[in-house]
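Presented sequentially are two complexes of subunit A, the first with subunit B as partner and the second with subunit C.
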Partner chain A sequence: MVGDRKKLMSSINKKKIRYFIPLFLASGIIIYTIFMVVPILNSMFLSFYTGEGMSTPTEFVGFRNYIRLFTQFPFKDRFINAFWNNVKFFLIVTLIQNVVGFFMAVLISRKFWGNKIFRRISFLPVTLSVLVVGFLFSLMLNPVWGIFDKILEFLRLGFLIRPWLGSTTTALPVIAIVISWQWMGEAILFYMAGIDGIDEEVLEAAKIDGAGPLAEIRYILFPSLLPVIGIVTILIFIGDFTQFDIIYAMATTRGNPTYSTDLFGSLFYRVTFQSAERGGWGMGMGAAVATIMFLIVFIGVIFWLYIFRMKGLKDKEGA
Partner chain B sequence: MKKSLLWLLIVLLSVSMVATFSLAGCKEKTAEEEAVAEEEAAEAVPEGEQVTIKLTSWRTEDIERMNRINAVFMEENPDIIVDFQPIKDTEYDAQLTSSLETGVGADIIWLRSFDPGELIYNGGYISELNDVIPELADFPSAAINAWASDDGVIYGVPIAGVTHGVFYLGDIFEQYGLEEPATWAEFIDLCQTLKDNGETVFAQGTGDGWPLYEVIYSGLGANFYGGEASRQALMAGDMRLTDEPFVDAFKAVDELQQFFPSGYEAINYVAMQQMFGTRQAAMFIGGSWEIGIFRDAELDDLGWFAPPVENEGDTLQYCFHVDMGVGINKASKNYDAALRYLKWTSTPEFAQLFMENLPGFFSYTPNPTGEYILEDDVALDNLNAASGADLTVRTVWERMSRQEPSGNGMMEEALIKMYTDVLTPEEAAALVQDALNTWYEPFME
Partner chain C sequence: MARTKKPLLTKSLIYIILSIYAVTIFYPIFLMLITSLKENKEIFTNPYGLPHVFTLDGYIKLLKISNYGIYFRNSIIVTVTSIFFILVISSLASFVIAKYRFFGKRFIYFYFIAGLIVPIKLGTIGILQTMIKLHLFDNITSLIIIYIAMGIPFGVFILTDFIRLIPEELSNSARIDGCSEPRIFYKIIVPLLQPALAAVAIVNFIPIWNDFWFPLILIRSDSMKTVPLATALLYGQYETNFGLIFAVLSMASLPVIIFYLILSRQFIKGLTAGAFKGE
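This part shows the complex of A and B:
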């Protein structure tokens, strides 16, 4: 009898506690809803209205904005151009940050004099403003007084000099390298955390078994850090497909030269907030671009999560 | 259990969404109510009490200069405080519209010429001025036209226009015994002389497209395509950009590419100004609004010449672009004070002050008491070039840039591609024309 009563009380307490969970979550949910969910839904609603000029859209037009975006010149051309630029940008940044970040983290994790200082310094660029970084690199790459070309000349590599930010072939990769440099510290931080999480005994056992540094990376570090690669890639994906600041700082909202550095972020800003003679398409079209951007990022994140989760499961099964 | 948790979460989510939307609705209503209440309050303000009116423009660089001008107004009108609050050029249009929509717009608004300004008027945000400022009837019609609707409603006081031409460093010209060229052939010879002597001829780049279109093509190209007459014919659909005169203009300005500095593809507008301001090039093709900047850079030997004509004896086709108009916010809480300021902007006193403080911006205000005094000799050269010239504005600015693909944007793209050898002058002209053919009605007939 007493036992039953205790069971009942404990079940009531558990229920009470469980009902408290949403209440604790409420503040977060309300803030998230007000500042994220509602604006996203509002933007989706706007995309079904006319967006001529700068005034708020008022006339319902159904899917007309989307039809124009996917079928009509110049909307389609600008949108597809930004999409492929974004894909290229993402691939370059992913490659640099994952490969260089991984090996830098492996290097820093070794015990040597000053490795702690190096760890901290590697994170410094992350703390800088993207606009400041963009402006500084623009100055360094300036063909008239930039230091970069001067260094190439000094090294007798003058034949390599290009109009880095003025050529359609070099501008996007150069900006991708700049942003990779800035956020490298974050990738290193993730990989360092992953390496720190690996059991020391496993590494020592490998050394005793005669594993060299390459074998250690191949058979222990790389498989253990696979989930981290996933997280870093997903963060880069989200960051790059919503990237705006660096393009604004180094290539203006027009994605100079001739839209070759135009990403979704700069496209959205330009078409939504600028007047027609400066490349604006109106609020409704801008909302349509934002909605498609949201869907691409949403589907992309689910895709990457699926890929890395499947890979993780397979590895677990293999183990 | 899980189901009830889920329901709770859904309820929370819905409540917060409904609350947000309702709050947004309430905000609008409250703003409206507040506007009415404050309007009533403003009317009730006894005479002699100070009111503050807010001015906004897209020129953040003018804060000090505008404050000097406004100080004169405030001295004459001690009951009004004028607060100049400009917004960064690239964000001006968006921020202005948002502020007007939400009822917090400035009292006095700087308006761009033609379509962007008309868009604000069509939105119902600014007042008609025909009856309240009758002096506007005396302004040149070309200027009034830039801030008036097709049915003759004037919604902006034209306060300034800008011109385009070629700045040069007098010392370098003197060093090689060069004189200001009058014809295009002389201009090209002069460029060649400078290049042969190892000088950087132009501080010009293609990093930004707008100077190529607004300054180089519209400024220097107008002499080749036939200026205002051809621009009007183009606007009416009687000419195309692919017609010979316009293509000739593309070809002429393309000739200058050989004199651009090394790496010009990556030189943007700011770098161009810095190059010339630090004497790293002999010439700079620019606009009159840059006089103040070069004066600040202490270029004492600054010289200027008008766009060279094609053949000797030709009339100069001078791009004297309508740049700044000023309108009054219909919903201004201090309407009377704002109107008093607006009326002041149409007086010769304001015009004189404006030209004094902002060298390179030229007023349209008629001056019945005599000539305006310009102390800056380069500004005076810019203004004097207009006498005897045929005046025009930027090639596809009016009507043809009303929507996407806009004439302005396409011109910028075409010229960058031409200067980076992606397109020939003929192809560049065709790129713009084809884009306009998709929506500009006179070209669709």
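This part shows the complex of A and C:
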């Protein structure tokens, strides 16, 4: 019976020309290639040309755009500034989301009444648009109307009040905290998934051996959640090195005050798509910035994947 | 079992910490919604509590001064159409990748998956030029196409895994009945694929509905604006009119909030499945 079936199958498989295979793949490959792969390669290509506005490339200039970007005023200054801001931004967000996300997930994963509700609540801000969150927090941090300063006064911490988004020292960390607030739910979600994947018996065994909650975190949860730290960090990394919306909403495309919140995303937008009076550098330079961003994200992700050995995690998560 | 014997102190501490967290999550959203229902004067005299007088003035004014209905319609068309095509295109591709052997299969799979770690934003210059050439600049069709391209990697990633798990016996018995391969896809695979399709749709819904970057680059005329673009422009224009501003922000958020409250379980499931997604 089984043999018959096998024979039948192989005869079916052999005699038919599978015309549908390329057909089924075609739409996906075409759209994905033309509107995602080619544009990214095209940006790299354009970075070797001059180009004003959105016209076709005018003149091949080799690495000149890159040389200007790395050595000449004001290109170099803006670029290096955005790079360091982005590194700082990334580090703050990574630290907050991993630490708070980890502990929140550990708390929520305890068995108590209502833990499912907290899991859902934490994810609510993720569904909002970054733009709306940015505008909303700008209003809440507004020195006249904003509730944030009122809360500090209420807590007798009024002496801490400062122009949060108006000072070069506080603006970037404040914006990083806002982004962390919004995306915390995602970190919690991944950590929860990781905790759910831990063998119940291991936890029970630890309990029988007399492990307290801290020992449990240190010897069981933390080591088994290491790959999740990797995933959360990769997502933050990709998101933050192309982040634009939050800067637009809270600090304009110039990264106010005085470029102290300028990230790669806002730099890329300003130099590529705005006129020269508003900080535009022309398309060729914009393409060079995009290419560098691509290389940073790509190399960064490959590096992370290498460190954290994604495979182990993928097997565990099982999708 | 042992956990229920936890000291009361630990348990109340957990509740306290989580309640503080819940307040920090809820209050900003709550503040946005209630402020949008206050009269302009009350926004300053009673900024943080429930309104004494409920009013829809902000919303009425918003509908009067802008074509909000059109922005909303555009956002819905863009989101629904692109998600529909993401599902169709990725399930077709995933089906053949998961179930057949052919030359270059592994390469094609990884070609698609590579899109998960490469932000499409970085191809914006090329996209803009292509759209201008295709006469799709300042047209929501351009947004739809981009979002489809953007959604394919994740769609293929999730659906291929899922289709692999569907037992081959089901397809084989259909083959014995004389079913053609494309019909097997349509009659057997697609019905079983529903939960995975739902996950892909939900995961794509948030970034597509909320996308601000591509409308900002590609859309100019009022009749082509989507909700996020309109939100940004209205905010910039009426920054001092708080009643209106909060109505603008609430209008942009309410659809996703409601959608999330109804489907939060599926949201969380879908996103957990997509732990690898890069966006």
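Basically, the second predicted complex is superposed on the first by the 273 of 319 C-alpha atoms of A that agree within 3 Å, B and C clash if a C-alpha of one lies under 4 Å from a C-alpha of the other, contacts with A are read in each partner's own complex, and residues count from 1 in each chain.
Keep in mind that, in the parts below, a contact is a pair of C-beta atoms (placed from the backbone, for glycine too) under 8 Å apart; a residue touches a chain by one contact, two chains touch by 3 or more.
Source: prediction; values computed, not measured.
In the superposition on chain A, contact is made by A:P143 with subunit B only, not with subunit C. Judged by the touch definition given at the top, the superposed model places A:S275 against subunit B, while subunit C stays out of reach. Ranked by how many residues of subunit A each touches, subunit B and subunit C are led by C. When both complexes are overlaid on chain A, the residue A:W164 reaches subunit B alone and has no touch with subunit C. Of the two partner chains placed around the shared chain by superposition, subunit B is the only one that A:R254 touches, whereas subunit C remains out of contact. Of the two partner chains placed by superposition, A:W84 touches none, neither subunit B nor subunit C.
By the document's definition of touching, of the two partners only subunit B reaches A:F75; subunit C does not. Residues 18, 21, 25, 29, 34, 37-38, 41, 54, 56, 272-273 of subunit A contact both subunit B in one complex and subunit C in the other. Note for the complex: subunit C touches subunit A at residues 2-4, 10-11, 14-15, 17-18, 21-22, 24-26, 28-29, 31-32, 43-44, 47-48, 88-90, 92-93, 95-97, 100, 102, 108, 111-112, 115, 117-130, 132, 145-146, 148-150, 152-153, 156-158, 161-162, 172, 175-176, 181-182, 185, 206, 209-210, 212-213, 216-217, 228, 231-232, 235, 242, 245-246, 249, 252-253, 256-257, 259-260, 264-265, 267-268, 271-273, 275-279.
For subunit A in complex with subunit C, the touching residues are 5, 8-9, 12, 16, 18, 20-21, 24-25, 27-29, 31-32, 34-43, 46, 54, 56, 104, 107-108, 110-112, 118-133, 135-137, 139-140, 145, 147, 150, 181, 186, 189-190, 192-193, 204, 207, 213, 231, 234-235, 238-239, 242, 244-245, 248-249, 265, 268-269, 272-273, 283, 286-287, 290-291, 293-294, 297-298, 301, 310, 313-314, 317, 319. Per the touch definition, subunit A reaches subunit B in the complex via residues 15, 18-19, 21-22, 25-26, 29-30, 33-34, 37-38, 41, 52-56, 73-75, 141-144, 149, 161, 163-168, 252-254, 256-259, 272-281. Residue ranges on subunit B touching subunit A, taken from their complex, read 1, 5, 8-9, 12-13, 16-17, 19-21, 90-91, 93-94, 97, 101, 112, 115-116, 119, 122-123, 205-209, 261-268, 271, 275, 280, 397, 401-409, 412-413, 416-417, 420, 422, 435, 438.
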